[in-house]
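The same chain A turns up in both complexes below, where it pairs with chain B and then with chain C.
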Partner chain A sequence: MTNEAVIFTQALTKRYGAVHAVRELNLAVRRNRVTAFLGKNGAGKSTTIKMLLGMVRPTAGEGTMLGKQITDTHQNVDMRRRVAYVAEDKPLYGYMTIEQTIRFASSFYPDWRTDIERKLLSDYELPLRRKVRELSKGMRTKLALLLAFARQPELLILDEPSEGLDPVGIEHLLQTLVAQSADGVSVFFSSHQIAEVERVADDVCILEKGSLMMDTPLDDLRQFYRRIDLVFPFPPLEREFQISGVESIRTSGLQMSLFTSANADAVVERAHDLHAVSVEVAPVSLREIFLETVKEA
Partner chain B sequence: MLWYKAWLETRSRFLISLATITIFCAVFVHHAQGMIRPNWTSDFNRLLFFNQLYAAILWIMAVVLLGMGGIVREKAIGTSSLTLSLPVSRARLVGVRVGMGMIEAIVMGIVPWAAVFMISALAKMPILMSQVCSYVILLVGGGLVYFAMAILVSSLVAGEYTAPALALGIVLLAAMLFDTWLRRFNLWRLVTGDFSIDRNTFLLSEHLPWLGILTSVSVAALMLLASIIVVQNREF
Partner chain C sequence: MAAVATVHLYPNSDTVRAMLFKLAPTSGQPLYLQLMQQIRHAAETGALRNGDQLPGIRTLAEELIVSPNTVAKAYSELEHEGLLELRQGTGAFVCVKQRTRSLADEVTVARRRMRDLIEQLREDGLLDAEIRRAFEAELLYSAEAVRKR
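On to the complex of A and B.
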């Protein structure tokens, strides 16, 4: 896994005083995949990204990005030539025009793709002569994305990339992400828009209170995670369902609802053994999985 | 292109400061010329010395303002993550900013005195080029430490008003403290030419206080080095 990983961390930790922003994070983001990085506000996503980019020093642990040590200043600079990063607040220099911003950014990347720049300028309808400070939030987001996509990175790190975009812009973004991935770009992005994540992600990592709760291919989530609703003729006992793969159990009167990450068949069999009068097994959405995961934590 | 960014960030402050100092010096010298008669040489030299005093005040305020900004300020306004994601080291970020600021500080030292030189020549009261050069060397060579101090303060303090207020406060306090207890080492007196002026002719001595200038430049270099270390170790 290490050789394939574009991002690899080992026990990566960031503490601010007594508060753990990130706690012993072991992350392996695979090459040529779209990896979603999910978590509630304050879960530690942005801190993790900042540690990867050398903006924040880890308290403990280590990590590599594209094979370069994140804590080594020189290696980090070298790595940043091959990584495009769009921060959550889409920072841009307000005193520059769009044209100046593009000229400025392109000067740092020899592989700058003028064709992509022109296409996105046209698609996003960005006025070249306008000052960045005069742009709407959506236009700023589009410009930030243009700067990231046109530099032809090996790894694209996006923090809430769709924030500020209208539905058309979001659709365009998702298509671009898929196209970038098909071109061999690894994408690592955080988002609160789980429906979007579900459309484009190959892998899903969930962070909660600084700890990694899940790092799984989305296909596996779809295949194995189930919601099982049971109705019994008598009040059921939760301990009867303490089976491997059962993540949570909720009981209300004669009804029981289970959330499983594996072994759904075993749960159904147990339910039948216990004379369940109704057994309903349903696949779960990523949204449900996310909510269950962060609730569990 | 980092130079271009540094220029865009500072050009308004620089151009306004340059125009202010140049116009002030030109008007001051031109206006005062009319009042000097008949023994004008000594009086005129005295006038030039006073011009240096006022120009130094404006120049120091200008270089302190030019030293503001940078990556710590960018953190406060939210653009630091863009700058720090560029494939350049923090030392280079600070270095380019310092380089641009120093060029602007030097230009702000030369242009006003060049204007004074030309106005004097046009008024048929020419001044020695060596005197002009000495004033510029004292102002820039001695005064770069003010710029370096501003860079250091802006590496430590992010506030839009806090940083310049603190930097200007340090300038004033240092001038007062040194004048009271360490007059010989008062940078203000070095910059204005007070240590080098002949009180009879009001001409600057041919022997500039090179040791003082060298010390000032060395202190400036140390402060700039400290700024780089501070920025390198800072978290964003």
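On to the complex of A and C.
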């Protein structure tokens, strides 16, 4: 496994007047991985992606994508040939039909994969002769995804790719995403569909108010994050549980609920020492981890 | 939310059997470990036989809709353990040795001991739900303690 980063930023910052959209972001997205980029609306995900692609100029900091400086115009041209990007608003030419759009887009790429194009046309059930302006939101999304997937890029960047898709569409999208990953494409995507992210992502980055709150392999989250519910014969003291790895504590009467990112066993041991009458340890879902992470910021 | 894949296996004989892998993304266990355990379990119970072929990384990843890295890691760890043999281009083949078969017997013995313990706890007046919670807490606790060592 290679640890080379396909996206790398150092103190990347974007200010709009007094507002920090992105604040000193240090990001390292690994090659041949599926990386999810999570955050609430307005957390700075789209601004970050646009800076990476050279569409928005950073206020400070720097970064590389596929080894190319993101702020260098010449390097940017070369980089964008190897990166496919599906924007949140899916800009397409309304007067073209689906067929014309595909012919037009494919003419730019000598490595265009007609096999992928054909498979997705049938999976997505796209009507070839319909004009883009007459497409539903879901169909626009599917067309934009087809254009990106058929290029078979080195790096695929998707901003909210499942928006407007029904459950069947999402299933097809995830399947294609997995297939692309198997072909060696690195994937970086933002999404609010946490349950879907939880299935396909290798790594998870969480952005909150322009700052990176988390950058962790999903398997580590599964393995180490726990919710521990305790009941004591007497009101417990929170300071007894100031153990590293304890992220938050809630106490109510004789009950205590802890959220831990590590050291669950130490917490359980302490609880036994303090004569807890009930100790329950449960794994936590990515949704809970996400909510807990963005709550504290 | 479990991802399910029906995997058709073509063993040495001409019969085609179907097998089910189920990965639970929120079960608190890395997905590659879940897949490893299920393949191991299938080998121990005889659902997978020596020489059986597992689907390729790409095929299984697409069926389960999980990252190909998950399948690749499970396969390579199992190759390390000697349960799988990975052949370039052709896929993953099961190598069941004598030892894995006796594990099935061990599981049978373990279940008998568990049954006794559960019976005893019920006699002590514990409800099934309480026994289950205590069991799961202990399992999680000891697993984490072992991992730390």
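Here, the second predicted complex is superposed on the first by the 294 of 297 C-alpha atoms of A that agree within 3 Å, B and C clash if a C-alpha of one lies under 4 Å from a C-alpha of the other, contacts with A are read in each partner's own complex, and residues count from 1 in each chain.
In this text, contacts are C-beta pairs under 8 Å (C-beta built on N, C-alpha and C of every residue); 3 or more make two chains touch, one makes a residue touch a chain.
These numbers were taken from a predicted model, which means no experiment stands behind them.
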### Task
Scan A:K50 for contacts with chain B and chain C and give back first, second, both or neither.
first
### Task
Mind working out whether A:D78 is in touch with chain B, chain C, both or neither, as first, second, both or neither?
first
### Message
Per the contact definition in the header, classify A:A201: touching chain B only (first), chain C only (second), both, or neither.
### Response
second
### Query
Is A:T114 in contact with chain B, with chain C, with both, or with neither (first, second, both, neither)?
neither
### Task
Name the contact category of A:A264: first (chain B only), second (chain C only), both, or neither.
second
### Query
Touch check for A:S248: first (chain B), second (chain C), both, or neither?
neither
### Query
Where on chain A is chain B touching in the complex?
50, 53-57, 73-74, 77-78, 80-81, 83, 85, 87, 89, 91-96, 100, 103-105, 107-109
## Note on the structure
Note: in the complex, chain A contacts chain C through residues 32-34, 171, 174-175, 178-179, 181-183, 195, 198-202, 219, 222-223, 225-226, 264-265, 268, 279-286
### chain C residues touching chain A - in the complex, by the definition given at the top
1, 3, 23, 25-32, 57-58, 61-62, 65-70, 133, 136-137, 140-141, 144-145, 147-148
### Query
Across the complex, what residues on chain B touch chain A?
1, 4-5, 8-9, 78-82, 84-90, 232, 235-236
